[in-house]
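Chain IDs A, B and C follow the sequence of writing; residue 1 opens each chain.
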Amino acid sequence: ASAACDAGEMVIKFSHVTNTDRHPKGIAATLFAERVNTEMNGKACVEVYPNSTLYNDDQVLEAMLQGDVQMAAPSLSKFETFTKQFRIFDLPFMFKNMDAVDAFQNSDTGQAMKESMVRRGLLGLDFWHNGLKQFSANKPLISPSDASGLKFRVQPSDVLVAQMEALGASPQPMAFSEVYGALQTGVVDGQENTWSNIYGQKFFEVQDGITETNHGLIDYMVVTSVDWWEGLDADVRDQLATIMHEVTAERNAAIGEVDSSNRQAVLDAGGVIRELTAEQRQAWVDAMLPVWSKFEADVGADNIAAAQAFNASN
Amino acid sequence: MSSHHDAPQSGIARFIDNFEETLIAVLLGLMTVITFVNVVLRYLFNSQLIWGLEVVLILFAWLVLLGISYGFKKTSHLGVDAVTNLLPDRPRRIVALLSAFACFAYAFLLMKGAYDYWAPFAALQPTEGRWFPLGFTEGVRDRAFYVTDQVPMLGIFRWLEDAINYGEAYDKLPRVIPYAMIPFAAALILLRVVQATIRIIRGTQDSLIVSHEAEEEVERVAHGEYEE
Amino acid sequence: MDVVFLFTMVVGLLLIGVPIAVSLGLSSMIFLLMFSETSLASIAQSMYQAMAGHYTLLAIPFFILASSFMSTGGVAKRIVRFSIACVGHFPGGLAIAGVFACMIFAALSGSSPATVVAIGTIVIAAMRQVGYSKDFAAGVICNAGTLGILIPPSIVMVVYASATDVSVGRMFLAGVIPGLMAGGMLMLTIYLIAKIKNLPKGEWAGWSEIGASFREAFWGLMLIVIIMVGIYGIPGITKAIFTPTEAAAVASVYAFIVASFIYRDMGPLSAGEGNAPTPLINKPHALLTALWHKDTRHTLFDAGKLTIMLMFIIANALILKHVLTDEQIPQQIAEAMLSAGFGKIMFLVMVNVILLIGGQFMEPSGLIVIVAPLVFPIAIELGVDPIHLGIIMVVNMEIGMITPPVGLNLFVTSGVAGMPMMKVVRAALPFLAVLFVFLILVTYVPFISTWLPTTLMGPEIITN
């Protein structure tokens, strides 16, 4: 991806915040760049800027609206400032599994969400999966009361703050790069993340164990600037969209495998994983479900109903 | 010797100095207190000001942006004077003028960038042109809706909802407010650089950087001016 | 070569006396406008985000503030007294005590020139009184002062950690052993010179003086404990309490309390030089008035001003870094170096050479912001430990501080000792040689830097 673009090619800057070869997002971005750079050689060229070297998730959307970067894939909670509907993805236990997430994102409701920010200048191209979140802490988490009184690092999102407060835990906003050190030294007690992040950031090394709650979602949306996208030649735009959809389909289909291999890698490296019985899991659901009503007005009752329908069929 | 702060000052000049100095002290003091309070809340009370970190970072940006112009006013920015000190008087004056011009170019470009960056957040149009502002653009989508992550909305800014946000309520402080410091500070930097350039032309100031005369150096460090 | 043009512009502007920050920023803007599509607005964004988007750099104003309260509040003189009591009776005793005091102050402060001024003003005068030459005294302190950035806490380490996303806590731990070693090597050198030249030694004042001076310095020394325990905790007793950034803010508050209410060398309870301070019981409202007392305000302002000067440079270095990234320069350099077949050793030599040259002109933090992203990916590719690379960079910066033309420690020492700068350069030379030997040692023996953090925190993880 670092190959220099040829003269005369349209340069597409794709900025993201992970590595290029192990994180699901990084792998997908690299694949997209490789395919564009071969299949659209002479017309378009994607330059990938990984590891927040160009922009972090907070800055990249501003830069996109300014026209300084063309593509990015921030986590879905970053879009909550653009439209509150996106809070649906942060609500605890909204989706039963990744198949339900997939079905919802590909439904008319999901497709409409990609276009919901057009008036703000952003267009969603595709959803990219990372996976479902698990809890970890410096003590065993079996029942929700175990989390009570603990300090959990969360992403800065109103929903996640409310979720931790529903558990009686104390939500702590903290830069992602600080989390490992803070967990290790005990500045915070726990965190929530997907298997690929828990393994990639080695959080399991500095936690008592990971509880397999699958309670939330971390996914991304590939976005572009409406003005830039609509200014492209139709054939270029169509070809980019096609490649993007194919890359998305390929990588999203592989997410189950990526997730389970990361889960296995945690075990192989000596991490402890705790599975919950159906009853134990239900206790977590009961504790966190009140959060829904708090954000129902933002998210839309019909959207919640649509998501629940996919839980039943997946 | 390149500093002029020993020159007699008018009452207004002294008042402005005082105001700027107090502001710098207050911003740093607030940053320290909020951070400290959050540590205490977390460690002893298992609680936190959720907006604390973001507000401290905003204050940090304000402190530095505001302070840069003060540094130009007091000629306290670091530079290399080893070469210019070797020059005879006349060439040294010419080089000082060149360096003042470079600072002016910097401040001017920064001013354009700062306004262009901030304008859409205030529902204004940025300027046309790449190097120089050539009028205002049209049809750039505004970003007045864009709010901060965690900073609560303050009542005194509610009028902004009607003024720039089409009457839609803000549930967090809109970014236009913290970002307003960027064009404001840039304008102040431009002003101070122009004033310093005039002093150099008039011959009442030697250069735009702090000089490295040994005696002054100790004085300066004793007042905590270097920290590396 | 566009990049050559960019760096020529930076150096050219520096040489005609343009402020460092402006040289970096203006060159970046011109380069950006000429060679890329990116807007000027992105420069304003980078400038604001240099502070608002870098949580790690927030440690800088707080460590500066803590250090300001420590210097104003009379901690240094108490540390010097304690150091003389401990090692003053060895051959070359006062000089060794000077190094020892610099090491202790370095553990409180994140900065080198601050260390020279705090300790140097007291120790150089004392050394001259007992018969040392001015040159010898200046040479010792000029060098020992550089330990300010090697012994944690360290502003330069904070900047490195922020530029490369390694953990600040880990960097701080990594500096402990190299810091003690460098200090030890300086002391040993002095001891040997003292033996050969028969330099004066002090009287052994007995354990009671050690005890008395320790009690005096105790509140200042406690800050080291607060920082270390706060960041790392004590196994089995307490977990860590704060992040390194928060540690700096807590240190500031603590230093303010010690200076205003315990030592009372500043604030409403101070009665001026030589007079006994007012007891708090006689003036309880001082608890409140100290918050806005002119000494407090002044210390805050001084620390703020220094933060601004440093961050102005760092912010513009970040703009330059952004422009370099935007133009994919780090990848090009990495590919060039890797395809040239550089091994680990050649690479480290290159890094040393780049930093030694850069350190002659640039201010350390700005230099690290620019160089670290250029060499970091290559280091990872070649299997160099990021923490080890960080320590190498810090030691290079130490050397840059005591070599002309730009060397903050040189300027400061020449002022403190009242001698011309070139004379200080010569005086510092024998000890500079010691630092060079130390640089070679640190470069080729990674173990020195990585052992402590690896033992206490496990191996470094590279997540990028």
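The rule we apply is simple: contacts are C-beta pairs under 8 Å (C-beta built on N, C-alpha and C of every residue); 3 or more make two chains touch, one makes a residue touch a chain.
The UniProt protein names, listed by chain, are B = TRAP transporter small permease protein; C = TRAP transporter large permease protein.
As the structure is a computational prediction, the values presented were derived from the model and not from experiment.
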**Prompt:** Any idea which two chains share the most contacting C-beta pairs?
**Reply:** B-C
**Message:** If you average the CA coordinates per chain, which chain's centre is most distant from that of subunit B?
**Reply:** A
**Rounded Å distance, subunit A centre to subunit C centre (Cα mean)** = 39
**Approximate Å spacing (C-alpha centroids) for the pair subunit A, subunit B** = 36
**Request:** Find the geometric centre of each of subunit B and subunit C from their Cα atoms only, then give the gap between the two centres in Å, rounded to an integer.
**Result:** 25
**Two or more partner chains touched - positions in subunit A** = 58, 62, 66, 174
**Request:** Spell out, as numbers or ranges, the residues of subunit C touching 2 or more other chains.
**Result:** 39, 41-42, 45, 53, 55, 241-242
**Asked** Can you list the residues of subunit B that touch 2 or more other chains?
**Response** 53, 117
**Message:** Quick check: in the complex, which residue numbers of subunit C touch subunit A?
**Reply:** 37-39, 41-42, 45, 49, 53, 55-56, 165, 167-170, 231-233, 239-243, 322, 325-326, 328, 330-332, 335, 373, 457-458, 461, 463-464
**Touching residues on subunit B, where the partner in the complex is subunit A** = 42, 46-48, 50, 53-54, 117, 120, 141, 143, 145-147, 149-150, 172
**Request:** Could you pull out which subunit A residues touch subunit C in their complex?
**Result:** 2, 4, 11, 19, 47, 49-54, 56, 58-59, 62-63, 66-68, 174-175, 177-178, 180-182, 184-187, 200-202, 205
**Prompt:** subunit C touches which residues of subunit B in the complex?
**Reply:** 21-22, 24-29, 31-32, 35-36, 38-39, 43, 53, 56-58, 60-61, 63-65, 67-68, 70-71, 76-84, 95-96, 98-99, 102-103, 105-106, 109-110, 112-114, 116-118, 126, 130-131, 178-179, 181-182, 186, 207-209, 212, 214-219, 221-228
**Asked** For subunit C, which residues are in contact with subunit B within the complex?
**Response** 13-23, 25-26, 29, 33, 39-45, 47-48, 50-53, 55, 58, 61-65, 67-68, 71-72, 110-114, 116-117, 121, 149, 155-156, 241-242, 245-246, 249-250, 252-253, 297-313, 315, 361, 363-365, 401, 404-406, 408, 411-412, 414-416, 418, 420-421
